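Two complexes follow with chain A in common, the first pairing it with chain B and the second with chain C.
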Partner chain A sequence: MVDEATKKTLAQIPLLKTKAGPRDGEQWVQRLKEEYLSLIQYVKNNKDSDNDWFRLESNKEGTRWFGKCWYIHELLKYEFDVEFDIPVTYPTTAVEIALPELDGKTAKMYRGGKICLTDHFKPLWARNVPKFGIAHAMALGLGPWLAVEIPDLIARGVITHKSSENAVKS
Partner chain B sequence: MADLDELRKYQLEFQRVQNTAAKQKLSERNVVELVKKLVELKLVDVLYTSDGKEYLTSQHLTKEILDELAVQGGRINLVDLQQALNVDLSHIESKVNELVKHDKNLTLVLGQLISSSYHDKLADEINDRLHEQGHVTVAELANLYDLPAEFVRELIEEKIGTAIKGQVDIQDKDVVFTDSFVSRMTARIRGGFSALTVPVPVGIIRNRTGCHERLFHTILEDLIKQGRIKGSISGGHQDKSVFYPDIYTRSQNQWVDSFYAQNGYLEYDSLVRLGIPDVKNYVKKRFKNEKLLFLKSCCVGPTIQDQIEASIDDALSSDSWVDIAAVLPSSFDSNDIGKLLTHCTQGRQGALVCANSIVASQKLISNSAKLFGDVIQQKAEQNVKQNPALLKGDGDKITVSKVILDENVAHEDKKEQRRKKAAAGSRKEGTGGREIKTKSTKKKGRGRDLENDSDDDVTAAAGGGGRHPDLVFMDRKEIEQVLESQSEFKECPEELITEIASQLYRPLNKQYQEAARSIFLQVSGSGTSADRKKSFGELQERVSGLWTNARLFEKGSKLFKDPNQTNLAKHLLKTLCTDMTNILVSALATEHMVSISEDTHLSTEARLKLINSLPKDVQAPLMKLHQTLNGQSLEEFFTTLENLCSSSHLSIMLKKPDKKKERQLVFAHRQTLSDQLKGENDPAMAMHLAVVLLFQTFTQAMVHAPGRLVPAVLQHLQESLDAEKYQSLTLFQDLVVQRVQAEANGEQQKVQDLMQELETMLPKIKEIALTTKRSVQTHEDQ
Partner chain C sequence: METVEELKKRIANLEKQLAESLQTKNVSSRGKISAMSAEVVDSNPYSRLMALKRMGIVDNYERIREFSVAVVGVGGVGSVTAEMLTRCGIGKLILFDYDKVELANMNRLFYQPHQAGMSKVEAAERTLREINPDVEFEVYNYNITTVDNFQHFMDRIRNGGIGGAKPVDLVLSCVDNFEARMAINTCAPPLVVATNTDEKTLKREGVCAASLPTTMGVVAGFLVQNVLKYLLGFGDVSYYLGYNALQDFFPTMALKPNPQCDDRFCRTRQEEYQAREATRPKEEKSEVKKEEEIVHDENPWEIELVSETTAEELQAAEGDKPVLTKGVTVAYTKPASSPDGDNSATIQDNDLSIEELMKQMQSL
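Up next, the complex of A and B:
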């Protein structure tokens, strides 16, 4: 199961109602609106609790999402690009969040930098269709993954801070 | 399209939300640390609340304190303030102190902050209370408002006349009252005290009126001064002091005056009962002009004194007695009567006070002394006849020395008197009484002198030394009895009789002794020559009788051999010679007026004592004689005895007995011995007698032997006795000895057996002793 803090954050994210995928026209717009509302709330919550950790934006149709996410470890901010497509079967199928920069650097990742989510994620998501949306995927999927993987990666020296990289280059 | 627009709006909103800076949030711990740091760096000056959750600046604290004070009505406890503001007490205290320093409207009292508005409010309240109750005390207020008395007092002083309408007691600044209250109290006190007719402690009335003590006394004093209340207070401003209404004092004085006028005396007890505290002073003040005599329980006026004096004079002039207690009221106690009497009899001669209340004239006593004249004479004669020994010592030394002393005193008295007379001059009245007194004592002294002088004369006439036991005429009891039997004293109280008896005791005894002595002198003077001769003759006879006996016994003892001879001599010394010495000593003692208890049986010590008390010239030869008694030689004793009896000392004729007389004596001796033997039942004694008797029959000499020497004598007899008789005697003697031994060993049975045996043998022994004598006698005659 997910930890308490995650559960709390999850509870604070508004649930969605419309069950529609990108191909559902008006319905999708409705769904997209709900996605935005819940994202706005989530980001607000994050900022209020001084826990802002990503930027996201979508294309006009809202089928492709991209942005940045970051993790602070030992007073250093490690920033990564993040991107994912809304699958056609969305919301039945969950989004597959990818961090292309880290492709091949860790075992817990599929080809193309898609992160391996925990075993709990999928059944949880399945049970909560159509109430869960992008915000939930971020909070339940990427957040925990970063918290586990990045310190490990840093410890293994697979990733280094950019400034120090620069320092090494220069 | 609207949906799309809306979507667009959301997208923008999302971007905006994402791009707003994240809220810079600090955790509480961080903030606490930050503030601490700031305070450390002295960048900010803040105070903490006591739970540590809030900071506040000191200015804010001031404001809050002032607000709180206003809310609480101008008075707040600092502890309450601390709770209300939730700030540490020390901060509040320092802040409040600062405030009080700068703000004149604020005061700090007993840890309470008080503003001037509270002062006003308090003053109003006090005023209300004052008008409600009529009076208030500072203590009460202090208690009520829980404020220190000093504070309340200051407040009242400040506000009196303005906010508080009333007046402060002049004497007691702690009491405030209204005018109406004062007048109410005055009315009450006036009423209460006007009603009093007897003395009452002020406290009772004060409690009734419920008035404050100080105020009460001020009012009371005013009222008395004004004359509104008639009376006086003794004891000052206390509850204990007593109010005496004038009406009461007046009636009291009236009673005292009338009692005194009627009775002529005042009894302290009854005055005290009337409620007069210091009786003596009261009486002194009241009767300044009267010549009162102050006694222990009462005082007596001149009328009673006159009365007493009159009755005393009466008694004195008629030579009788009077009991003053009968004249005086019954309330007088005997001590006081005594004092009164000594006062009244001061100027009178020959008055005798006894038992405190009875006055008798001296003449009465001398008269009663006469009653005893005959009795004395009789008794003295009787006594002299009965035991003249008592009178042997005349005029003992003690009396003599006393007489000398008395004479000295008398001389001194005279001297003193003369000196006093010279000095008196200016103060005649004062010394008057005493002069008379000394005169009387002098007279008494003289009287005694005369008596004693005659005593002395008698003593001189008797011309003896030594002492004698007190010759008592009658003891006091007997004198009393005699007095009581007289008709004059029939009604006399016992005390007087006892007194007279004790007064008479010594003179009577003296008189009696004197009489006895003179009688004795007469007797011894007239009858001496004949009596003495007679007694001397007797003495001579006895001594010479004993002496001859002793001589004869000595002769008998010389028949024995040496150890027995000395033993016999010793025995003789111890018995006959001692008797002789005793007779001589006691005779001499009688002659020299030394009293002895018995004639002959003197122990060695008693004899020695007696000898020592005799005059020197007789003492020496007697002493020698006494010493020879302890010696062994009869010769020595006889020579000293002869010396003593020679003409230089006793001039007792010791005639040497002639043959005829000697024989007579021996015969008489034997006769007595045989008589004794016939009547004797005790075997030991019989044995003794028998042996002595036998000795005499055989040797024609007397022997005086102790029991111890019986065997020796028996042995001596062996030659002359028949064998058979001798044997029975020795047997008997053995039995006697056995018996004595058995008795000493406590063998009862044996003693009895021997006793029986002895008794059977006794007649035989007697017979031997008696018959042998006869046969020998016949043999000698032949």
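Up next, the complex of A and C:
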């Protein structure tokens, strides 16, 4: 259900311990710290293995997250805005990661550009509450999604590389 | 980007819609009716409903006006649910949904192509007011799972009753996603009705959602039937009623609070209930007959079937599973929580503040 490479990446992301959502006051602040620590470590791991692929930041309450992710296809970099809210049910339910600019371009998406994950993701997440955090959702959710969908979107001509777009115009 | 041609088409479309809406305003349906009448005349919209009293099914049908119901999600199931309750003359409906009507919704009931682009709650309110102006409506076009909206959502549940300052009588969860469902009810684990087809073999190539108007109509019908029975006090209300369309199989069972519920307030209430129950006199249990073990006459090689996992291992992996009726299973299991032995992979706390961590993240 999860390939070996993803498993290895996943094993290197620090697990979280505080089970708290955005309505849990001080407990949430603790959880948010853990989220950041885990994410920072994951980004560092990615850089070390030459596979840096996203940046995220949040509002000061940590309830709304935004940033960029990118995917390299045939030596060209395709970059997209990422965003999601922390639902009141977090961490019992995972975050719903969205790439708004791809909304309507692929069937593997719900309204608002929320990516459609496989049947495996939710049970896997549920079995790992509260140990999994945002970093795990990125590694298990968005990472594999980009790897499957972006090459397909490029092949279908739905998305084009920004520089080649400019080249056509000029 | 839309072309001029497309924009022109859109304007023409909008003009047509405007003309239509002006026309319908002129032939306004009917005025409000202050009291439900049982008079059997063609012009009485409630005559067939009030006849349920004469037939001895419902004692006091007019009471339906005293109830307020929240419908969360007005998609395939929720919109039909809302329409049924509107036609029944429910006192008040509070609708929640953040979605817009799309042409992709036309495989289901209720919404019409000319409503594409409107918010679902707004489109629903217009149609429903037209059908029954006696019903009071409150509609909210937002996602209930975000922190701010959830606060407001909870406030409307607490104070959305008839006349205000009292809770709604029922909340109907008609949402299409796990997150919103958990926001409404954390207690019940997701259940699935076995279809005799392995769900894992379902092809999901290039699709995320599939639906039929029939399934949704069936589900909404059963939902509202039970709402009416519950509110008006007739018949038996089903705790759980599942539906497998492939075999026309309808499992039913009683539902109990989940002892593993994530909500600690819920678990506290459950403990209080258990304590109350414990003080009540016990009923004697009847003995359960043990099934006889099958022993084959001949087994010269002494072949035995041994499970790869022991009962204990299985229990640890799957946790406590609720007792369910035949044909219903949990969508997934959760391992029994074990005392944390190995903490090596767990985060190591440091003294940095959130602000410092945010800065560190940005500087990566």
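Here is the rule we go by: the second predicted complex is superposed on the first by the 170 of 170 C-alpha atoms of A that agree within 3 Å, B and C clash if a C-alpha of one lies under 4 Å from a C-alpha of the other, contacts with A are read in each partner's own complex, and residues count from 1 in each chain.
What we mean here is this: contacts are C-beta pairs under 8 Å (C-beta built on N, C-alpha and C of every residue); 3 or more make two chains touch, one makes a residue touch a chain.
Predicted model only: the values in this text are computed from it and were never measured.
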Combined model on chain A: chain C and chain B, fit or clash: clash
First, second, both or neither for A:Glu101, with chain B first and chain C second: neither
Touched partner set for A:Asp48, first chain B, second chain C, both or neither: first
First (chain B), second (chain C), both or neither touched by A:Leu16: second
Touched partner set for A:Tyr36, first chain B, second chain C, both or neither: both
Of chain C and chain B, partner touching more chain A residues: C
First (chain B), second (chain C), both or neither touched by A:Glu26: first
Contacts of A:Glu57 with chain B and chain C, given as first, second, both or neither: both
Residues of chain A at both interfaces, chain B in one complex, chain C in the other: 29, 32-33, 36-37, 39-40, 43-44, 47, 55-58, 62
Sites on chain A touched by chain B in the complex: 26, 29-30, 32-33, 36-37, 39-40, 43-44, 46-52, 55-58, 62
Chain C - residues contacting chain A, complex: 99-100, 143, 145-147, 150, 177-179, 182-183, 186, 199-200, 204, 206-209, 262, 331-335, 340, 345-350, 352, 354, 357-358, 360-362, 364
Touching residues (chain side chain B, partner chain A) in the complex: 3-4, 6-7, 10-11, 13-15, 17-20, 22-25
In the complex, chain A residues that touch chain C: 11, 14-17, 22-23, 29, 32-34, 36-40, 43-44, 47, 55-58, 60-63, 85-89, 92-93, 96, 107-111, 116, 118-119, 122-123, 126-127, 129, 131
